[in-house]
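Take a look at these structures.
What follows is a pair of complexes built around subunit A, which joins subunit B in one and subunit C in the other.
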Partner chain A sequence: MSRIRNDYENSLWCRLVRWVNGETNPFAGKMEMEPLRETEVVGDSVFNPDRLDKEKVEQYVEDMGRNKEMKAFRILYNLASVSLCLLLIAVLLLAVSWMPVLGDPNGPNNNEVSRRYVEQGMEESGAVNMVTNMILSYRGFDTFGETCVLFIAATCVIVLLRKNEEEIENARETDWKYEPKPDAILQKITLILVPVIFLYGAYIILNGHLSPGGGFSGGAMMGAGLILYVTTFGFHKTQRFFNEKTYDAVKVGALSLYSITMIYYFYTGANEIQNRIPLGTPGDILSSGMILPINIFVGLEVACTMYAFFALFRRGGM
Partner chain B sequence: MSFVQNFPCFSIVLCMAAGILSTPMKGKHARYVTLAAVTLVSFMSLWTLWHVMSAGSSFVYTMGRFPAPWGNEIRAGVLEALMASVFSLVMLFSLIGGMDHIFRNIDDTKINLYFILVDLLLSSLLAIIYTNDLFTGYVFVEINTIAACGMIMIRRSGRSLIAATRYMVMSLIGSGLFLIGLAMLYDITGHLLMENAHAVMTELVYAGEYSIPLLVIISFITVGLAIKSGLYPFHSWMPDAYGYSTISSSSILSSLVSKSYIILLIKIFYRVIGFDNIVNSKIVNVLFVFGLIGMVMGSVSAIMAKDIYKMIAYSSVAQIGYVYMGIGLATEAGMVAAVFHILTHAVTKSLLFLSAKGLNDASGRKRVFTALQGAAFRSPLAGAAFLVGSLSMVGIPMLAGFISKLLFATAALGAGPKKVLVTLIVLAVSTILNAVYFLHTVVRIYTPVEIPKEYEHVHVHVSVGVAFALLWLIFLNFAMGMMSQPITDLIQTGIGMFA
Partner chain C sequence: MEAFKTILLIFLIICAISASLMKNPLLSVIVFMSYSLVMSIIWFLLESPDLAITEAAVGAGVSSILFFVTLRKLKALSEGGQNEQDKK
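This part shows the complex of A and B:
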């Protein structure tokens, strides 16, 4: 016969029900508690006394002089991370000592893959520069992905640093502090240097299939030229020929032409349709089929991205 | 070669093109471009799935004019096509269901950037799934990481920035280890294409050469990808990243991004290193142990969480633990269960995040549990969706989660004698813990409460998009629960095609 309990309040079931309903407070009766204080709004900022208390408590807890456990934990943590790194170094050194010797002619790297790149690269892809052949023709998909990495990195920087209308207005007001002073010597030298840098960048891009270099390195050089110009003459003068709209247009144009070229290359290659882009005579400036245009697209994209990084970090817009 | 075989390549490039074209657009227009691209990709992936199913064999697609050891390749078998279909569908529903919140949470000037990130993320997911080349895998892992990081930090608040930083640090450590592993792998095999690398690898193992570098390679690749997918001790970025980003991001990140690394890992296990060599290297036992710990610890943290998103995020930690436990069983049945659980988790977790957002909207945008009481009455569809998602995660029959737990238990019985008992016990414990926190939440949202004065007049409006997404995801959950046999058969054939 079951017995009627009169201490239902303290039973396990009742406590479970109250826990499910969220009525229990585990600290009730065990801690001195005071009700939350009202937040005050002073001008634009919100003053929240509880927040302040929390910060005080955190400061107290993180005060190394008082908190022995914290100090011990920090020391242990540093020791653990250093020893983990040392362990990793040891493992890697051990592994490397068992690896094949670098440059060994009989090593596993010198197989039919690199042999074909070196021996038949020129006649199959048309470029004299073997590295360009490899990255833009044999492994074109990887390089396409790599260009997209650059594109998405630029997008993420814009996400992080692009300012809205109001902030740009504010930035404009304080911008004179950072705008360069008109310095005659600097400006004269820049006027001489910038065209040379641009010309050299263009040379590296256009000769990517003939000599060391290509879109990535030449584009970085042209970007450096733009950055030099903007640091000497300021954003107002630069915006006359390069602003956000030009940036978008160049970037979208270059990348979409690049994707069209690539999809044509993939489609014709996989379906064994004859590729109608002529390879030309290796060594000529107009040769190597699609490698030259791709170098130009990549170069434009890289140059714009370099400049965009600078402009975004400098003032949050172009 | 039939035209369908172009579809994997087309869908990757289409996503990239959609991202590029969204650059100069306004957010409103970029939305349509992205939705159109994702829908098209879903259709193409389903069509590819149909093609490989009826052909009964996988196919290799040369990306360019040069065949296997020289040029890039992608490969589509049943498993790849199945994954691509489910992933693109889940992405579509996550986007449609979270569309209102994207426009509410993100600055107007940045909405088109969000869609660029989404497009490139999908292209990288597809490329990781389809790749037949190790370095292509790495390049797209990079895109995946950067895009995911951008999707976390685009919501401008201090917490999401901290979460993005944490995610970036963890993820880059993982990428670094993975890249070192790949470089060493190339050094001893001389190949980057999966099939050729596998052939050389088999010879090396047979001759007993380079055994120490091989062990280091296996552990670096495995640990790197495990860190990136958030296996238990490396999960600290998850709660913040899923809890404070916009809801589509949370849903996409938890159900797709962390899973893509696991798929790449499985692919490398089978197609490069060889599953027997992996089992002999004992690395699976490490994954097994950490998977088991993750299953319990994730659930315990979820019970202690005070806010509904963090609870769901910690539940993801537990589910990743399940997947690695399945891989760690080192049997084919375990692998099938793991892959099935990846699918289950993809359709369930996105459902849970979207419905939690609905409940949260119906409670004055408060996220703590006390504020959510009775939310299911204020927003019935979101409540029902959360109920279905919770029951599925707990493992109630007729829902997808039940099947994956059943598969795990069956697989455990076929594993080595040391693993049987501990797997079954931890599975049971973890299921009970799952039930504790999910059913606790379900009971709470279904507990009637007088509507507090401050949101008496709030009219909870469930938009057509949210309803569409929730109903589809509920349907997928039931479909996977009640028609599981064809899907497990597909996974089995797919894994068979790997070898």
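This part shows the complex of A and C:
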């Protein structure tokens, strides 16, 4: 049977808990407490005596010569952070030293799986670029999950940074603060650069199965081009061709088409039903079956997400 | 080629350390950007151009833009500038 102590608040454990939680007031019993004083307005300047008192107290607390406890804690914190960093570095280096040697023929990375990818990947999927082939067909499930993660992240940012209608009205009035100043040099160079960036992004997306790149990198490039256009010309001009409705339509459309394609892919792959999409000759643009449309959908999704992140962080709407 | 790789790796370490030690957040973001660019060259030398393109587009481009926007929202950039002007 445990008995209830009367002086629980003075017990060692309770004091330790309060000290850990930071609930103890360091000024209790040491300083005289006074109620808040009225602020005085002298001419244009506002005189607040409490703020002066606060600054005085902060100066007193920060004075290292008198506050021995704080000095000791500063040293302790620095030592603890340095030792924690060193410990982490040691653990990571130890983990790396246990890894198998690069290029070891008996290593776990040189098994029959990678050999099959390299030897029969082009016949089975029709893609010349082995990396895109692996990401979008052999490991398509992982990439599908990643795209869903991006979609959920963008949705969370929209939910967190969304503004209600009153705030949007206010934002429309103070929009000029966020709008860039019309800069002739920047605008001319952007007019030359943005089409090139878009063209290169589209090139990377469409050639994902032939050359390095693919949906994610090309989409990020197109998103960066959109961001460049917005920072130069402002949201008003961008909204003429890319507003929230376009964003919703493109994003949801791309993700659902992507899911439908992936479901068809999984179903025909797992149940030994013949895949009716022709693979084409490896090396052509219109080849490799599913990989080209999946690349396009991923690219649209990523471009929209990048632009949405920027627009939401910048002013909380598109 | 080995010497070039060594120089790049040393530059990478210098960038990584100085990005965390910079007092000014704007400079820190720019150093982080150069870290990403060096990293993308290293990816290319390691024969993975797919990763190099992604690192250049996301690491050096979009993520630093998001850093800049966040710093501007937090008013860290303007205050840092004012402090520097006061020191001068």
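As a convention for this text, the second predicted complex is superposed on the first by the 230 of 318 C-alpha atoms of A that agree within 3 Å, B and C clash if a C-alpha of one lies under 4 Å from a C-alpha of the other, contacts with A are read in each partner's own complex, and residues count from 1 in each chain.
Following the convention adopted for this analysis, a contact is a pair of C-beta atoms (placed from the backbone, for glycine too) under 8 Å apart; a residue touches a chain by one contact, two chains touch by 3 or more.
The shown structure was predicted, so the numbers you read here are calculated from the model rather than taken from an experiment.
Novice: Should A:P195 be classified as contacting the first partner (subunit B), the second (subunit C), both, or neither?
Specialist: In the superposition, A:P195 touches no partner, neither subunit B nor subunit C.
Novice: Identify the partner contact of A:Y117: answer first if only subunit B is touched, second if only subunit C is, both if each is, neither if none is.
Specialist: A:Y117 sits against subunit B, while subunit C stays out of touch.
Novice: For A:G283 in the superposed arrangement: first (subunit B), second (subunit C), both or neither?
Specialist: After superposition on chain A, A:G283 lies in contact with neither partner.
Novice: Given the touch rule stated above, what does A:C148 touch, subunit B (first), subunit C (second), both, or neither?
Specialist: first
Novice: Applying the document's definition of touch, where does A:P182 land relative to subunit B and subunit C: first, second, both, or neither?
Specialist: neither
Novice: Would you check which partner chain A:W98 touches, where first means subunit B only, second means subunit C only, and both and neither mean what they say?
Specialist: first
Novice: Could you say whether A:M262 touches subunit B, subunit C, both of them, or neither, answering first, second, both or neither?
Specialist: first
Novice: Given the superposition on chain A, which partner contacts more residues in subunit A: subunit B or subunit C?
Specialist: Of subunit B and subunit C, the partner in contact with more residues of subunit A is B.
Novice: Examine A:V159 and indicate which partner it touches, taking first as subunit B and second as subunit C; both and neither are also allowed.
Specialist: first
Novice: So which positions on subunit A get touched by both subunit B and subunit C?
Specialist: Subunit A residues touching both partners: none found.
Novice: In the complex, go through subunit C and note every residue touching subunit A.
Specialist: 48-50, 52-54, 57-58, 61-62, 65-66, 69-70, 73
Novice: Taking the complex as given, what residues does subunit A use to touch subunit C?
Specialist: 129, 131-132, 204, 212-214, 216-217, 220-221, 223-224, 227, 306, 309-310, 313-314
Novice: For the complex, which residues does subunit B have touching subunit A?
Specialist: Listed in rising order, the residues are 1, 5-6, 9-10, 13, 16-17, 19-21, 23-24, 61-66, 69-72, 107-110, 113, 116-117, 120, 123, 127, 133, 135-136, 139-140, 142-143, 146-147, 149-150, 153-154, 180, 184, 186-191, 200, 210, 212-213, 216-217, 369-370, 373, 440, 443-444, 447.
Novice: Okay, in this complex, where on subunit A does subunit B touch?
Specialist: Interface residues on subunit A, with respect to subunit B: 20-22, 91-92, 94-95, 98-100, 107-114, 116-117, 124, 137-142, 144-146, 148-149, 151-153, 155-156, 158-160, 162, 164, 248-249, 251-252, 255-256, 259, 262-263, 265-272, 275.
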